[in-house]
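Attaching a single structure in structure tokens format; questions to follow.
Chains: A, B, C and D, in written order; residue numbering restarts at 1 for each.
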């Protein structure tokens, strides 16, 4: 407080009077839109391509990256078979319930497992240990899991996710990306064919056409009776100068287009009426 | 007493709390005059009360843990005789864990409404959400399409819908 | 297929209004002509005129009261707008700028909003008192307006106890606030009402005492008389002779008008809105009208008492009087009115037409007419200002008053609020002694100078 | 706890017992000694509910004031209107996610809310943070401290009835917030601190805005303070009001500017240095009066010190990465960690216990406002109703932090 009474008030009044004539700082919102900083993490929105189709492929990458897990998404997988879902209730609420129960010393019910027949995971554990629980080796793990059970059960995916620390959706994404991995019990016979350029060069294309004609289904499909499915396979670059064709996982070396068609017809069940 | 990181930790029983805190506060060798925090902890089978203290004599934090309080009836002497400011923190611990601080004049709920009956930060208190209320149903997984569950509980839809 | 013809259906929307209106007009003209022809209407007019002339004092009072009552509304709107805009500018904001040019209609829209709101009475309130309170407050401030001289000869009533009347009626406002505080059934309202009672009753005393010096100097209590006593240059204003009284008066007036830093009765950060907490709709509007009218009232009073009212600060240094009296010209005036625009416009248009050869003459002439009109309005305005003292007086009075209103708003933008005990301490420990000292000094000076 | 007592929020209670309308006395038996004492009214006393909806309670604080005319004879703060259970949420989220929840705690200075848990988790992980990240943390936090104090000065004036300083405070805050938005992407809930560093490196826009602002910051803020610092009304209203002496400050556990205004130089940046504060030169301003005016002026002094720190940080900013290598899923070894920082309101602490899983076992937030607000209870009795606001404002509580 100054010695002159009232001087402080006068100083303040002078300041406000000076401000009265200064330029104003208000941003007139609807006319003047404040710039959005480039690092802004704002509203989420789905993108559409130029034909109006949704560009989202339900890859869950965004949901996995979201730190507060506010992204909740669902959809069908790429083969239009499974309803998949990712969001707080699935990957996070169930885990926190589990942990809370474990801490309070109660048995842990897992509602997600309840609708499944229990899976004997001892072999799977051994397998995972051999792979050192390394999420980077997900593909070998999954291929071996499929070899173990014939397909990749959901319970196994969950188990792998828990053991390796990978997100459930990551494991699921890997499993659903590769054509040779199955999420449902296998059909009776599977003919696999590799589509890589090397195999195609060695005559894979002709074999594929012959197989498709013989079975009447495109690649990736199953015949109507469900006996044979034609699946893409992966030769891992080991085709050794010949097209890579497998029957139920066993390689068929030296097969030709005609031989493949013959094989397919022999595997197929009795032909329905009206189909040659 | 054991050292981890840069914090010294003392574990004491509830009975010796008053003596220990008074010595730490008054003894000229210690002079822990700043009470940084009072926290309750539920370890699952017992309760703990954790004090963090600071003194001019040492740059370290001192952590005093009152251990092994019965989960059914946790009781600790209040620290308000030394630090009046501990009152609300103790009220908070009482509100959240049900730890009774004997000697606190005003030990009532601080955050929750007066008619609230449980203690939210205990480990047997679950956050109510979809999957907790209807096991197997709130979780809309791929397996539901694949193998529908038998339970007849009504499906609670996720809050996001 | 038969078509139903509806005559009005073929008319344009304007036509639908105009056709009946024309009918009514024709009827009116017929009635008027008949009335004038038979001598009935002139008789009525003469009779009414006679009655009015016979009671000229009453007529003058009614007209003045109506004018004052109507005058409060735009005053309040202007001050509300000033408050919004000035405080915004001092806060480095823009303030209202959406309704009307530069947001000038914002306060009007505020008024409409207040009108359209629900009129709410809380449960447990004393309904009759609750309803009357805003009316009492409003009426008190409007009544005080009656004695305020706006210009030479322009006032509601020139009471010889004008000053006493002003303070007596102005003090009634506190009754309304107290009523509001008591009847609202709300603790904040009660606190606000009690604060306002304490504050206003305390500040009435220094306010009145500070003015006594002025009354002694002027020798009259009539506000008109006080203004006339100050005529001359600004050196004759009482603020020069009574600076201490002015300071006391200004502080007390701020408190009396419930303005920051003395707005304890509606201190929003302490007691929500004080006496007005439970009020909504037009009742709230009345309170706020009253507040802003009070602001103008006290500014006007300050101007009247200390700043020479409607007198100019510097007298016109040389006596310019336009000696042309329009009334003496007779028919010549008519000729001038008809011919001047034609001649003037043409004269103004000629240089334009010459400069802009591409223009047709009529365009230049229309521009000339516009210019002439502007010039004529300016000339008539200057003529009126010089010849009619009342107009000049009004301009000066409002200019000075609004400087004070601005100061009130400026203080509101700057100062924090004072506390209730400091408020009372200021009134009783400082302002009251100061006004007494001023009174003593004035009396002494008068004794010494004019024994 | 077994008997059901009617809730205060139950509308039936309010309708059925008019006594609650008149007296604001709770409809249940007093639970503690203190409550019984508080709700026993002597002659001439009445209870006034100030809040939770009141123009100047800094959020949704409810103060039950026992007044005798204008004089406050006792008061009882009622909290919990903004309680969100952040601690419980944090205990059910993994380490990265728990940090996000702390952001809206004390929404005026969000970066500090993030920093304390991040530091506690880093202790649990024994993680080393790159030096550049440490410097950026100090830089952004000190900026936000200035913003918070600038806003405090406005709030203090607003609670005392001054309209303008709050807007000047907001202008300064807006400059800083825009700057931080350029740095972090958001204006209010920055979510910038990460376990092992910060979310992004300094960018050009931030630095140019910062330089622009630094060149006139001190001048602007000092100009704005002339509005209040010497204002007779302001000084009269705050000087000698709510005096906290040394002993009382320590007993109440006050921290931050409130304790420093009582003459105790307790500042976590010096008392238990964290980050790169040991390398920086700055003073801990203290005042001896301990009244509201001292608390106000102390914050003005702190702004100057913060500007000094920012200046040094900008000159010493090292090169290097801004994030340590941290796995996406963190599972620290079981252990306990306590980290405290100096937030604008005092010592902001986080106590985290890990049980080896990817979620903190205990996630305790110690908020300075929570402790500081307690001081109103002993300070207020005997003062006037209007002083409640002055004292409250000078303690600078933020309800978001108090109610967690």
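Convention: a residue touches a chain if its C-beta (ideal position, glycine included) is under 8 Å from a C-beta of that chain, and two chains touch if they have at least 3 such contacts.
Please read all numbers here as calculations on a predicted model, not as lab measurements.
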Problem - Pair of chains ranked first by number of touching C-beta pairs - result: B-D
Practice task
Specify the chain most distant from chain C by Cα centroid.
Solution key: A
Fill in the blank from the handout: When centres are defined as mean Cα positions, the distance from chain B to chain C in whole Å is 66
Completion exercise
For the pair chain C and chain D, the C-alpha centroid-to-centroid distance in angstrom is 48
Exercise for the section: Mind checking the centre-to-centre distance between chain A and chain B? Centres are C-alpha means, answer in whole Å. Expected result: 40
Practice task
Could you tell me the distance, in whole angstrom, between the mean C-alpha positions of chain A and chain C?
Solution key: 75
Exercise for the section: Name the residues of chain B that each touch 2 or more other chains. Expected result: 127
Practice task
Identify all positions of chain A at which a residue touches two or more other chains, and write them in rising order.
Solution key: 9, 12, 15-16, 19, 25, 96, 100, 103
Problem - Of all residues in chain D, the ones touching two or more other chains - result: 92, 164, 171, 227-228, 231, 233-234
Completion exercise
Touching chain B in the complex, chain D uses residues 1-2, 4-9, 26, 28, 31-35, 79-80, 83, 85, 87-89, 91-92, 123, 126, 250-255, 266, 271-273, 335-338, 340, 347, 349, 351, 353, 362, 364, 366, 370-371, 373-374, 378, 403-404
Exercise for the section: Can you check the complex and tell me which residues of chain A touch chain C? Expected result: 9, 12-13, 15-17, 19-20, 22, 24-26, 28
Practice task
Spell out the residues on chain D that touch chain A in their complex, using ranges where they run on.
Solution key: 92-93, 96-97, 99-101, 164, 171, 174, 181-186, 191, 200, 203, 205, 223-224, 226-235, 239, 329, 355, 357, 359, 361
Practice task
Spell out the part of chain D that touches chain C in their complex, as residue ranges.
Solution key: 21, 46, 48, 54-56, 70, 157-164, 167-168, 171, 227-228, 231, 233-234, 236-237, 384-389
Completion exercise
Per the touch rule above, chain B residues touching chain D in the complex are 4-5, 7, 9, 33-37, 39, 41-42, 50, 52, 54, 59-61, 63, 82-89, 92, 96, 105-115, 117, 120-121, 125, 127
